[in-house]
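Labels A, B, C and D are assigned to the chains in the order they are written; within every chain, residues are numbered from 1.
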Amino acid sequence: MVAEGLAEAGERRIGWAARAMPVLTALGERFAGERPFDGLRIAACLHVTAETAVLLGALRAGGAEIALAASNPLSTQDDVAAALETYGIAVHARAGVDRGTYYRHIHQALDISPNIVLDDGCDLVNILHTERVELLDTVAGGCEETTTGIIRLRQMASENALRFPVVAVNDTRTKRMFDNRYGTGQSTLDGIMRATNVLLAGRTVVVAGFGFCGRGVAERARGLGARVIVTEIDPVKALDATLQGYEVQPMGRAAEIGDVFVTVTGNRDVIRAEHLAAMKDGVILANAGHFDVEIDVRALEEAATAVRFGIRPNTDEYVMADGRRLLLLSEGRLVNLTAAEGHPAAVMDMSFSAQALAVAWLARSTWLAEESVRLPPGVHDVPAEIDAEVARLKLAAADVEIDTLTDAQERYLHSWRLGS
Amino acid sequence: MVAEGLAEAGERRIGWAARAMPVLTALGERFAGERPFDGLRIAACLHVTAETAVLLGALRAGGAEIALAASNPLSTQDDVAAALETYGIAVHARAGVDRGTYYRHIHQALDISPNIVLDDGCDLVNILHTERVELLDTVAGGCEETTTGIIRLRQMASENALRFPVVAVNDTRTKRMFDNRYGTGQSTLDGIMRATNVLLAGRTVVVAGFGFCGRGVAERARGLGARVIVTEIDPVKALDATLQGYEVQPMGRAAEIGDVFVTVTGNRDVIRAEHLAAMKDGVILANAGHFDVEIDVRALEEAATAVRFGIRPNTDEYVMADGRRLLLLSEGRLVNLTAAEGHPAAVMDMSFSAQALAVAWLARSTWLAEESVRLPPGVHDVPAEIDAEVARLKLAAADVEIDTLTDAQERYLHSWRLGS
Amino acid sequence: MVAEGLAEAGERRIGWAARAMPVLTALGERFAGERPFDGLRIAACLHVTAETAVLLGALRAGGAEIALAASNPLSTQDDVAAALETYGIAVHARAGVDRGTYYRHIHQALDISPNIVLDDGCDLVNILHTERVELLDTVAGGCEETTTGIIRLRQMASENALRFPVVAVNDTRTKRMFDNRYGTGQSTLDGIMRATNVLLAGRTVVVAGFGFCGRGVAERARGLGARVIVTEIDPVKALDATLQGYEVQPMGRAAEIGDVFVTVTGNRDVIRAEHLAAMKDGVILANAGHFDVEIDVRALEEAATAVRFGIRPNTDEYVMADGRRLLLLSEGRLVNLTAAEGHPAAVMDMSFSAQALAVAWLARSTWLAEESVRLPPGVHDVPAEIDAEVARLKLAAADVEIDTLTDAQERYLHSWRLGS
Amino acid sequence: MVAEGLAEAGERRIGWAARAMPVLTALGERFAGERPFDGLRIAACLHVTAETAVLLGALRAGGAEIALAASNPLSTQDDVAAALETYGIAVHARAGVDRGTYYRHIHQALDISPNIVLDDGCDLVNILHTERVELLDTVAGGCEETTTGIIRLRQMASENALRFPVVAVNDTRTKRMFDNRYGTGQSTLDGIMRATNVLLAGRTVVVAGFGFCGRGVAERARGLGARVIVTEIDPVKALDATLQGYEVQPMGRAAEIGDVFVTVTGNRDVIRAEHLAAMKDGVILANAGHFDVEIDVRALEEAATAVRFGIRPNTDEYVMADGRRLLLLSEGRLVNLTAAEGHPAAVMDMSFSAQALAVAWLARSTWLAEESVRLPPGVHDVPAEIDAEVARLKLAAADVEIDTLTDAQERYLHSWRLGS
């Protein structure tokens, strides 16, 4: 009875998300007609959210058998998990489970003996290659959602350790440009505002990392009236930040100036003991990059003489020996997922539509297809045509029309012999 | 026991606000030393929030006896109300009360027989001049917070109906430039995101009204990646909007294009039946201007064939006869107060500090002072020096230094005889 | 023959300006029909530019007899002066004249024995009150264009030295919001780019003064990709700058960081010897505020061991003893007038239309009118209705429509008795 | 004597450019020491500007023998050409030559029998492969500057027609991100302002094409206060534009709305007869994309009943049969090169430094080097390390410091085995 209510709540939540996901909804209808995934088994390790549910619903409509584990126990929406069960999807996820249960859930999802895997951070693929090698033979391919996951996969590939083709869903133009920039940008600031209600106008926001996520966070912080300082390790990105009018400084100096810090580097210990020691009273520390490692929370705990947990929702106050108070949001975990609601559904519509089309492409391009141009093991880009199709459908859903090349233009563009 | 817990929760909330209100905190300490309000009775009709509590705490520290009613039952934070009682302030407010109780609370606050009144929308002053005229003789002056309140007061003054001097706290540069623009700007978008989690990038946001509030909302919507259309009735403001790169259209046309509508005009029926009829499926309707009259909710109710209340927190879905679904936030009430948390404390720090200084100025400039330059009845501007003092304290709190005129510059600026 | 060619060139230039000035053109046609200035003598001390010519043409079409001197010899366009003579206007102006001639020209313009004076910086009014007092009796009123002029006039008025009413054309919302902000903003950056071709993206631009001009310069510098630092003496303006995301610093510190400096304060010696000493090699110094006094050019000359004049058009290089090279634009005079072309005509359309309507209002409101409500001596605001009319005409010219209040809204807005 | 004066003027201009090109200057000094180009013959077809001179000076300092033709006769600075002769470079270029002379100059430059070619638009490489095939055997490699050139080269490569390796200098992150975006962005708006002095605030600017150039133009137009409409043929770019808050429309509709049109597509006939017919009176037409083909000038000529050439510098007015006047800038040629001064030197510093390093890399990676990893014929990316080195030098020149990875971070980033 309670479980039933939970599933209904999840269903309402999924319905809300679906209305902002017209592209994925349309793809689901197409798959339901074409059944491209009949007989296919998919193991997924993804954030268990309403938007993920719309994706899996579309794949399920296309005939796939699916098992799901959570890629982050903090982001699991239990009502959505319950609703997914009613779709006939095996869900191994529950909000707030400990590390051991987290990994056990991944193993359980793998028990489906997948043909295709969907991963978000490379944990499932990692376990597959280390602890569940017996399953590798029947895996035809996979998709990976995140930049950090791709880095790990490329490393595996360069060591010839990766045993099947993986599509770098994260590396589509759609995903990087839209999901990372616009989705992470808005939801990170949203999370900070929900957690602290801080006025951003006039504050100094330090953004660590100027990749697509960092760019999005910097744009939104500036758009809310903040002065933005960027830290980087890559000179090209650093130069780009200066040309966009941002100040660029080493973290050692920015630490003394910032009011709000956001880490989006994909690396660990970006804010370390020496930075914490230099910060002003009342600063806000948030991570929107990678797990909970970007801010050295242990160093914060060691430096603090007292902690007041939950001073606001998702906000803990660490009191330093000298009386300064540092506010850590969401325990250093992804603030946009925990303090806000993650990417708006409209963003996930694009990246998850690309992912749905990538799964269909894998089904056509691996040994799953009878006569295919087989993809070799390794990390593969999403074909540009998938990007274009997603964008085309998205524009159409928003009633935006664009131009098409005339024949003369088509000819001009492609023939070098026409001269100039 | 329960009440005690409520007061503690309120106290924690007030403490959080106070740390973002360094100017008002400093003024409270100054008042505690100087006791400028000893023997003074204040009746206040204000939003019962943590920030208001810091203001009243500062006035109480200066010796005032205070009675408080809520200026809007939807914004009342019951825990803050409980905490205020522990300060020795008489609080007549409870979240969600009906219209009758709302007015009864104002009467109860007036029972203190105030020397000074603090109003937010002119309801308390209105009742004082119509139903409680017996109290007028001992009222030395008042403050009004809102633009709409000031309009009503000026009308009263022009009809010689206003019986005491009122300081237009809303008309300080500090209040208009900062509170309306930056506070309303951020909190309105914050409220819309919390209520709907909509991705603003790429959406068309229609902002009705380009006063300081509208300007703030437009800036933040643009800063979050939206295309912004402004509607106005004042040609100068409309022209200014175009020069800032906004499109300006009549609402009749904007209604067909917008994805999100925000009313901030201070007037009624800005979005009417004919506009509702023209809107797209899925639009979001929010008001951040004036009570609940800017969107004609009755017209919406009449046009709808079904309503699904609470489809998300603070979000009701109205289904039209033709199947279109319109989402009304916060029942058309102030979305920044109800779906978000109102102005960030840092904003209220400025306007409430100006208000605190205005009360001190009233105490020095009315019959309350023994030998004063008495202010006549009417609407009075806040002296520029109060603005400057608030700004000076605020900059100091943020460690921002500015220049001062050299003697030569001072002379140059003021003497026309020096020629050029 | 040569003069004729000059007048033709001026006429072509005026024609170009006129096409971007639809409001003033329409007013000229209205005046030609109504002849409101028949018998009126006007002495004007204005920048002798194509846009001024369109203004004077409109007044002349309305029947006025006009004498014109230049308000700045550097901005005089000799071809426009020649063309104006063909309109029957007495022009006393020539590009690049010395100080003595500059003042002699003003005296010559005054020789017309004006009924109305148009001033830009208060020099003409000043001379009228000190050296030409015999003309004062027949002066009915005047208009002043600039902020600094108004300051001088208010000082005169406070000393009871001002003998006739002057309309503060500069203080219209139209003028401050549009002319100062958008006109000075664009033309200042335009002048800097023409003079130096500097890439502004990634540069640090220091804007001294955050009045309307400074705000415009800061916005455009930021819009071109620069990091902007603001210096101020007014705490309220400084605070506003921080809330718009700008850094605020004292000039002493900004001098060490900036790549480009723009003064727009209306005061003298804003950049002084101690600042020049602290600057980096290669910095650019530009003034868009007031005459040539904001940058202490004498201090620059004294500190330099060598000067290379005209290293680029309007650019002189000062070589310091330590080898640093500082680039002074336009000899410290108004960079937007000298290195660029001053306000775009579209901007002047608004402020000059307000001025034309203000002259008509003076003609109706002083002893010039038979039965008028006479304006007393002193500085007077432009009536709000003039602003509104200009804005209304400007929007119409751009095909922008706005809303009008419904009767219910009109009632709601004005009657406090309706309650809430 | 005259020639001498010309060379001196060119030298002064080059000196001015060089001071904004610290990276290229530093590379020139490095090359002078290492002499990596001793014995190397280079034929270049580039814009003959001061910045190009600094590039060629650096290569010459490194020992190269150089012959130069102009890639566009309209951009040739004759004084710079004269100065380059004094460096010992053979210059075949003169401003404003006709088509025949243009091609003859390219042939003359090829007469040097180059080992390395530098091209800007692929004309030189094209001629080499069609009319001068006898020279191909001794060409080791080349560089191409432009997107359109690269498209032509890739087409050649796909047809196996390209006979040597060409480095796509245009495709460096540095070039696309900085040169195209920031350089073209600023200089295009600069050119429009110099040609017309139009106020951009409040105007509707239509940007055709949202590649890096179009993005830069759109950003600057918005930064100057314009409302920006984007037209595109690529759905992904179109979607990105909407997510950045721009309106996206087909040109057919934008033509009716725009005040200023800028083409940056790299294609022909982007603005055609049907668009010209729909435009408003007084619109401004500018091209910053590709040669003079993006605006169909012939269609404009055919539709016009009269033309007034040079109504302003670089501005011709076409009067349509219905009286509308369309303003064509720079005859439809690159407005940023003709009406302004092309990319600011600071931009060229980056792309030309990449080019200088690419030439050094070609010298090390082709048969020119004794034992090299030979590059095969085809289009090659610039090695990422060249980008990084340019960026590093540029940041250093601007005193900007960035972070470096700690050892722990380095390990974390690269090892997938560490898990998460």
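Following the convention adopted for this analysis, a contact is a pair of C-beta atoms (placed from the backbone, for glycine too) under 8 Å apart; a residue touches a chain by one contact, two chains touch by 3 or more.
By chain, UniProt protein names: A, B, C, D = Adenosylhomocysteinase.
It should be emphasised that the depicted structure is a prediction, and the values quoted were computed from it without experimental measurement.
Note on connectivity: the fewest chain-to-chain touch steps from chain A (Adenosylhomocysteinase) to chain C (Adenosylhomocysteinase) number 1.
Chain centres were defined as the mean of their Cα atoms; on that basis the chain farthest from chain C (Adenosylhomocysteinase) turns out to be A. A separation of 38 Å divides the Cα centre of chain A (Adenosylhomocysteinase) from that of chain B (Adenosylhomocysteinase). Rounded to whole angstrom units, the spacing between the C-alpha centres of chain B (Adenosylhomocysteinase) and chain D (Adenosylhomocysteinase) is 53. We define each chain's centre as the mean of its Cα atoms; on that basis chain A (Adenosylhomocysteinase) and chain D (Adenosylhomocysteinase) are separated by 36 Å. Among the residues of chain C (Adenosylhomocysteinase), those in touch with two or more other chains are 182, 201-202, 222, 225, 239, 242-243, 398.
The touching residues of chain C (Adenosylhomocysteinase), counted against chain B (Adenosylhomocysteinase) in their complex, run 121-123, 126, 148, 151-153, 155-156, 173-174, 177-178, 181-182, 231-236, 238-240, 242-243, 248-251, 253, 266-270, 291, 293, 350, 387-388, 391-392, 394-395, 398, 400-406, 408-409, 412-416, 419-420. Chain C (Adenosylhomocysteinase) meets chain D (Adenosylhomocysteinase) in the complex at residues 12, 16, 19-20, 182-183, 185-186, 190, 193-194, 197-202, 219-220, 222-225, 282, 311-312, 340-341, 343-347, 398.
Contacts from chain A (Adenosylhomocysteinase) toward chain C (Adenosylhomocysteinase) in the complex involve residues 201-202, 222, 225-228, 239, 242-247.
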